[in-house]
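Across the two complexes that follow, subunit A remains constant while its partner is subunit B and subsequently subunit C.
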Partner chain A sequence: MASDNILVIGGGPTGMEAARGIASLGYKVTLVEKRPRLGGTPDASQYAALTPDLRSAEEAIGEMVDAVTNKPNVNLMLDTTVVGSSGSVGNFKVKAIQSGKEITIDAGAVIVCTGFTHFDPGRETQKYGYYEHDDVITLVDAEKMLKAGNFVRPSNGEKPKRVCFIQCVGSRDRQIGNEYCSKVCCGISSKQAIEIRQVVPDCKVFIFYIDMRMYGYWENEIYWPAQEKYKVNYVKGIATEIVKKGDQLIVKGEDTTLRRPMEVPMDIVILAVGMEPSEGTKKVADIFGLKKNKYGFIETTGGPLNTVSTEVPGVFAAGASTGPSDLEDCVSSAGAAAMKAIASLRAAVPA
Partner chain B sequence: MAAKNTLDLSMNKYADVPYEEKERLFEEMKADHRWNHVLYGCYECGICVAACPSARFYDFSPRVIAQAAAREDVDLVYTLMNDSVWDCSQCFSCDRCPRQNSPGQIITVMREVAVKNGLKTAKEALEGYGRIIYKIMSTGTQVSPDMLQPNAFPDWGGHVKDISDNLDVWRKALPPETLHTTETGWQITDKTIIELYLIWHMTGVMKLIEGVDEGLFMILVDVMEERLEEAGYDNISFD
Partner chain C sequence: MPVDKKQIIEKEKVVVDGIELTAEWNRMFEQRVVFDYDTTTLDKVTNVAEAESMGWCYQCGQCIPVCPVDNVGEYGPRKIFRNLQLGMDLFASDDLWQCTTCMNCLRVCPKEVNMIKIMPAIREQAVLEGNVPEELQKAFTNTFEYGNPLGESQKKRADWVQGAGVPVPIMKDIKRPVDVLWFVESYPAYHIRGKQASAALAKIFNKLGVDFGILGVEEKDTCDSQRLAGEMGLFEEFAEYNIKTLKKYKFRQLLVTDPHALNAFKKEYPKRGGEFDVIHYTTFLAPLLEKLNLTNSLNYKITFHDPCYLGRHNGEYEAPRKIINSLPGVELIEMGRCREQSYCCGGGGGGMWLDGFMSDHVSERLSENRVREAVKTGANVLAVCCPYEVSRFEDAVKSTGNEGKLMVKDIAELIVEAMGN
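Entry: the complex of A and B
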């Protein structure tokens, strides 16, 4: 029998926005999340402030959580992991494990919002020594410290005097296999650079980059202020190696525009790790028979004109499950997916 | 034509100069009232270099000037203040920057700081202008055929020396009689020259010159004091 319910898998920003949109149009939605709480990666990784507006992540994500909690038409299922599916558009029978118990969810259409995972710098091909040096950290680690309001050197708890970011770690790299740009890291590094300059004003901050990708308003909202107001040093050139000297780190690279090699001491090195498909994205893609691209993200079918339809009728994908995305992308594609899911439901189950 | 010499941007070029001294000069640059209108941030895009005539001739880059200043790289700014700013023609072709920087005006500020602080390199760079400054300041806004020091301006071409050697003959070869002069371009009235001397005295220009070229300063003072005294200004002192 046909179902008038839409299943949204994943309770991050994309899934919450898709569910909110569907419910607000008067359709039934089941939002499943494998963690015991909503919020997705911004919550799980304790993001401090959002890019580009530096708004408190807790506050912004909190609003999204409220918009789908105890709301008409929204059936919220936490601690629930999708494990299987049968049926087709209009009539999916989705198997899930909820708090250890197997259940079946009926759905006319499905939106996959299973997101990304941060690149693990243990796999980088340069020699940055993330697992070797305490003071080599990632954007994710830095974000946690900034949220706690305590930005210090992990090795000794002291305030840093020199901090650098290394961009494109795990992105744009044929050797690693991630040839794509992760899209958000330039903005997040610049945002964190501003925050570091705010909390440790006498700390010099450097960003070593290949290209700065600060599209649209990110240019004047983050990049220019970082440079002009906060005096963050942008140096075109990527470090090849980090070595320890005394209690400092020496970053080796090239200052390409000045045509000179560079060996500079740093107190903290922040690796701007990119995005990879989450385990959930890869598993859910397999469960629904969705095609994945060579990087493991879910492939959508319509190129730039349809960013949410998959090869399986009635199954849509949105946000970072389809590739590197910023929050604007996530929320926009969530809306597009909600609209298309409702349309497919109405075609399958005439009102 | 090949560059005159190569600009050394290595980090230890002026390692013997204390960092505090470099920082002091940089702070003096930043304190200039023009600073916030001539420097924002630098993309390092090179549009200024593409437009720069000096960059065609010298190993000179207005981009490096802007990026060093924007990065607040105190060591590099010091190197450039010594070794690079004098290669700029001050034509301001670089004023097409998308960030609205003006590398040329950054250089103006840097040059003034270099001169005010009597940097050795500033003195050397200005050596070639001794005759020009003497001519302009003693005779009043003159451009005259004999004011070029032939060895100081390689970008004017090798023939400058040949012409200078027999300047008198070359000038006489020009048809209009008014061009037969070598030492002056035109007559300046007494009133004009006295007013110019007074302006230079009151605005501190002579102090600047004393800082970079004491010999030139003394010659100018001799000329000016005598003329001023004749005009009744016998209480003016340049010391």
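Entry: the complex of A and C
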């Protein structure tokens, strides 16, 4: 028997927006999240402020959580992990473990919103010494400190005088296997650079980059203020490696426009780590038989004209489960997926 | 491996621990590795009012091909930012004095890094610290002492009138309102070639029956180029004086020969209470040419140099061309770099008084570069309408070995030739 319910897997911004959209159109939705709370990566990784508007992440994500909590048509299932699926469009039987108990969810259509994970800078190469030097941190670590309003050197708790970002860590790298650009790191680094200058005004901040990829309004909303108002120094050429001298980190690279080697001391080095598919994305793709691209993200079928349909009828993917995405991408594709899921449901379940 | 000569530092004398090293040890290679980005001076520069935009450069490099100085040297706006990021002390650097404020970089700059504001602001600091190239200081001192950068006597400012061959009324003598008050400016009043152009303009005014007068010995330099070269104090004093003097007289329109004066009267004097209806002489004459009944065929191939402060700075490209095209027997051949894209003669922003200083930094003068371009068009006349240019280009014609091939003439002189008397 056909189901009139839509299953949304993943309670991050994409899943919450998809669920909200479906419910607001008067359709039933089951939103499952494996963690005991909603919010996804912005919540789990304790994001401080959103890019590009520097709005409090807690406040913005909180609004999204409220929009799907105790709402008609939304069946919220936390602490629930999808483990298997049978059936087809109009009639999926999805197996899940909820708080240790196996359950079955009936769904006419499914939207996968299982997101990404931050690149682990120790995964392939150790040239930046992430696990070796306390003061080499990632965007994620910096975000946590900025959320706490206490930006200090992890090694000694002192305020830094010189901080640099190294862009494209784990992205645009054939050796690592991630040839793609992670899209958001240039903006997030610039956003954090602004925040660091706000929190520690006498700290010099440098961004070592290959290309600054500030698409659309991020150019004028983040990059330009970072340089013009907050006097962040952008230097072309990312660092090759980091060596420790005394209690300072020496960042070695090329100053490419000067065509000379550089070896500059820094108190904190922030690695601008990119995005990789989350474990959940890879597992759920396998459960539903969705095609993954060579990086493990779910492959959608329509190129730029359809960013949410998969090869399996009735199963859609949105947000960072399909590739590097910013929040705007996530929310937009969530809406597109909600619309397409409803359409497929109506085709399978004639009114 | 070949080594770029610029990377070799050669000292005349090197003394280590009291011992002078032999000559072979006096050569060393430039430090290769960048050990620091000392942004102290960059911050100091961007903290100066009006110089904030120096920090906005994102190194796109669009300014470099259009910078007239970088065409013949190594100075360029993008490089200034980069060098500041690398610790250069702009306040003490020769780079501070190389910009001619021609505005070609600002025309193309996507970030609106404004060298027209940055340079005067930073130069002003250097001037206050007494850190000014000697020959520029001489021009400042001349202006301060004599009222003009040439160092000529203030009493002789109206002497050119004697050789004009036509009446040139002087305001304090005629004691009546005039339609047009002609602000002659220093080079047209004192320089030998400037005086000839002034005499030509006076002839045209007489032929047209223009009711005009000049300030004569009451006039002092507008000081716009001195301002752009960093002498703000001098500028303020002279602006106040000129405004006060002009306000003594009644006139409808203020006419200027010098585009730099045009710039001052249009953009700077109004901020100080000096609001006048100002017009450049080419703009004034362009609609009146038919009345002159120009009949003498000149048989010239003319190319025209757009003055930076008439064109890019104040938007007048058509009037000079309209005049040239109205001259009988004349063909106007444009240089590649014309109108908005015009090349700079090197005289603006203090460049007029820095030729010796600049010779250490450029392979040829900007005026020489421009004259070579003019000669290549096949023109035999280079027409100008800025008083800095006649002398600069005539020198350049000689130094580039083009004597006899190219004549440099003010547009007023060309009109008088076409008048045929």
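We take it that the second predicted complex is superposed on the first by the 348 of 351 C-alpha atoms of A that agree within 3 Å, B and C clash if a C-alpha of one lies under 4 Å from a C-alpha of the other, contacts with A are read in each partner's own complex, and residues count from 1 in each chain.
Going forward, contacts are C-beta pairs under 8 Å (C-beta built on N, C-alpha and C of every residue); 3 or more make two chains touch, one makes a residue touch a chain.
All of these numbers come straight from a predicted model, not from anything done at the bench.
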> Looking at the overlay on subunit A, is there a clash between subunit B and subunit C, or do the two fit?
Replying inline: clash
> Can A:102 be said to touch subunit B (first), subunit C (second), both, or neither?
Replying inline: neither
> Which partner, subunit B or subunit C, touches the larger number of subunit A residues?
Replying inline: C
> Counting only touches as set out at the top, which of subunit B and subunit C does A:66 meet: first, second, both, neither?
Replying inline: neither
> Looking at the overlay, does A:258 come into contact with subunit B only (first), subunit C only (second), both, or neither?
Replying inline: both
>> Looking at A:233, would you say it contacts subunit B, subunit C, both, or neither? Reply first, second, both or neither.
In response: both
>> If I apply the document's touch criterion, which positions on subunit A are contacted by subunit B in one structure and by subunit C in the other?
In response: 224, 227-228, 231, 233-236, 257-258, 260
>> Quick check: in the complex, which residue numbers of subunit A touch subunit C?
In response: 204, 206, 212, 224, 227-228, 231, 233-236, 255, 257-258, 260-265
> In their complex, what parts of subunit B are in touch with subunit A?
Replying inline: 9-11, 40-42, 44, 63-64, 67, 70-73, 76, 99
>> Can you tell me which positions in subunit C touch subunit A when the two form their complex?
In response: 32-37, 39, 42-43, 46, 52-53, 55-56, 58-59, 82, 85-86, 111
>> For the complex, give me every residue of subunit A touching subunit B.
In response: 224, 227-228, 231, 233-236, 257-260
